[in-house]
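In the part that follows, the structures are each spelled out as structure tokens.
Look at the two complexes coming up: subunit A is in both, with subunit B in one and subunit C in the other.
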Partner chain A sequence: MLQNEQEFIRIIRSRLEGTLPKDELDDIISDYSEHFMIGKANGRTDEELWSSLGSPEDVAREIRVMHLVKKAEDVRSCRNIFHAVVATLGLGLFNLVFVLVPFILLVMMLLFVFIMGVLFTVLGPVTFVYSVLQLLGIPSFAIWLSPLAGLFISIGMTTFGLLMIIGDYYLARFFYHAGIQYLKWNISVITGTERSA
Partner chain B sequence: MNSQKPDNDRLAYHVGRINLSGLTMTKVILWLVALTIVSFVIGFGLLAFSGELPSSPENTASPFSQTARLTPNTTTVPLDGATSGSITIRMGAGEVTLRGNAPSTALIEATVFSKEPEWQPAILASRNGTEKIVTMTEKGHNGKEWFAVDSPNSWDVRITEIIPLNLSVEVGAGETSLELGSLNLASLAVNNGAGDTKIDLSHYRGGPLQAQINNGIGDMKIDFGDYRGGQLQAQIHNGIGDLTVRIDKTSNTRITVHGGVGDVSAEGIAKNNEIYTTAGFNPALPVSEIAISQGVGSIHLEAV
Partner chain C sequence: MNIQFKKGILEICVLAVLAQKDCYGYELVSEISKRIDISEGTIYPLLHRLKDVGHVTTYLQESAGGPPRKYYRLTESGRKEEHEQKEEWMRFAASVNALLEGKNDAAE
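On to the complex of A and B.
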């Protein structure tokens, strides 16, 4: 494979087209073209400049990850954070452990809290109705040790469920922000390591 | 106004902007917290003051009657110098656990966990010469059947290990667990209509034993491992469900199996048609006989 400026630019462009907006991609291409131009003006060959930049596939992968993480930071959505996490996995297999596992555990925890919240919120009114029917003396609905206590505990269950759902939302926001910071740190560590190697 | 909405977090924006006559999200959360605390305090407070919330550490504090482990009701029937005993346990639905280790002066010590007053068993004791006869019978259900299925009804019966006993256990539906290895039994009769049955006669050191064990629907496990008691004659019938029988590999045991629909597997036991015998079986010596009939389900025989 030829290691010249055109090939480097072609690979970068082909890898990032569709991911980055056109103007942003043009800016990046322009930066690398300029890098090659200045390098050659200083007497360096295409191969030397290629080697100094590293593999264009790796460069494109890093740019893509950084772009997706930035996008997830700017526009909060499940889709964006998912894309950012998946892209980060491409930086190294060890990210399966350091990114994917914590991400899955976090999502499961948030989902669990949400489901429990919905469960409490739904069960509260149901048990409230049971309390009323038990108070009216219908034995088939006698689920409470004390129906009067059941009325209050049902209300408590409902409000507790709502609090769990709201808390889950704020928890998700907190972990979203923390997750972005972690992904950035992860990328900086990996790219820094690669450069030093 | 729309132009002021941040694109990056529309939901947060809307949640934060909820305002119903001055009701902000912060206020909603504070109200919910207050309402939750007050509701639970009043609810559990009512239970505590009414004395319905169990305080014993071994019981689970629950406001629901179905899951509540209520304060147990314990009844002791004294031995009164009896030299033999006959015990009959009859339960409609629930869990029954029988084991040895009753207090030295007692024939039985029965602990009943049950919410429904009508489920408190009647315990009747009488004498026939030197034999003490005890029957523990559930009085029967009336009403609330739909609800009562999951209600706690659990009997834990400790039985004397001192005198020989005729033991009969009848359960309509439920879990039956009999840990009888330390008892001295003359006869054993077990009937469980529906539910799992577990009978542990391992380490049995009592006299000759005649056992009649029937299970309608459910799995059954019977353990004669390390049986060192007198000659054993056991008839086992299981209607629908899996059956596991463990015997002592050094015993002189013959098992006759009349299986219905299902596999029969044997481990460490020789097979000859429907007859299974332990290694070194000698019909000239006293033989422990086990007859098994099974309707539907697998049978697993194991010599340990």
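On to the complex of A and C.
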């Protein structure tokens, strides 16, 4: 493969097209072509410049991760954070342990709290209906409490369930924010240049 | 030196060079790679990030016998950041040095 300016820029462009907005990509490309141009004017060859820049794949990967993490920070969505996390994994095996595992555990925990919240919220009205049926003397299947207690407990259950869901929302927001800060720190320390080092 | 360690201090190096003078990309990269052995390509993404957060701005300036070059300049917030990071680094380096020298003394 030819290691020249055109090839370097072609690889960067092809890896980042569709991820970065066009003007941002052009801005980045202009930096690298200026780098090659001045370098060659100073008597260095394409190959020398290429090897000191590092592989264009690594450079593109790094730019991509930075962009996706920033996007996830600017626009909060499951999709954006998912893309940012997946992109970070490309920076090295290291991140399987330090990004993917905590991410999965967090998502599972948030999901668990949400499901429990929904369960309690739904069980409330169900208990309520059973208790009313029992109070009216209509035999429904055995309830473990006096019907009167059942009424109060059903209200408590729904309240508790809703609180869990609301709490889960705030937890998710907190972890989203903390997660972004962590990813930013992670990419400023860990790098895709390990291989070319 | 460990590559990951170097990556972490790259930001302060970029800020420090720009605190002395405005640079075009190639100049900045050469300035840093003269002293630190690092993949030069990673400096540009870092510059873009610093630009995104508002620590640096860019402007075009004519060069002798060539197309205009893109210069990077520290903003006010960039100067503040440079100052803070430098202080922090100095304290950190002083502690580590003291620790390392202490160890050598003990070994002798």
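Following the convention adopted for this analysis, the second predicted complex is superposed on the first by the 186 of 197 C-alpha atoms of A that agree within 3 Å, B and C clash if a C-alpha of one lies under 4 Å from a C-alpha of the other, contacts with A are read in each partner's own complex, and residues count from 1 in each chain.
We adopt the following convention: a contact is a pair of C-beta atoms (placed from the backbone, for glycine too) under 8 Å apart; a residue touches a chain by one contact, two chains touch by 3 or more.
What you see is a predicted model; the values in this text were computed from it and never measured.
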Combined model on subunit A: subunit C and subunit B, fit or clash: fit
Partner chain(s) touched by A:S188 [first = subunit B, second = subunit C, both, neither]: second
Touched partner set for A:H35, first subunit B, second subunit C, both or neither: second
Following superposition on chain A: angle at subunit A, subunit B versus subunit C, Cα, nearest 10°: 140
Touched partner set for A:E7, first subunit B, second subunit C, both or neither: neither
First (subunit B), second (subunit C), both or neither touched by A:T159: first
Which superposed partner A:R173 touches (first subunit B, second subunit C, both, neither): first
Partner chain(s) touched by A:D46 [first = subunit B, second = subunit C, both, neither]: neither
Minimum distance between Cα atoms of subunit B and subunit C in the superposition (Å): 17
Touching residues (chain side subunit B, partner subunit A) in the complex: 7-9, 11-12, 15, 25, 28-29, 32-33, 35-36, 39-40, 42-44, 46-47, 50, 52-53, 62-66, 68, 143-144, 146-147
Of all residues in subunit C, those that touch subunit A in their complex: 3-4, 7-8, 11, 24-26, 29, 33, 38-42, 44-45, 47-49, 52, 66-67, 69-70
Contact set on subunit A toward subunit C in their complex: 27-28, 30-32, 34-35, 37-39, 41, 52-56, 58-59, 62-63, 66, 70, 188-191, 193-194, 196-197
Residues on subunit A engaged by subunit B in the complex (per definition of touch): 74-76, 139-146, 148-153, 155-156, 159-160, 162-163, 166, 169, 173
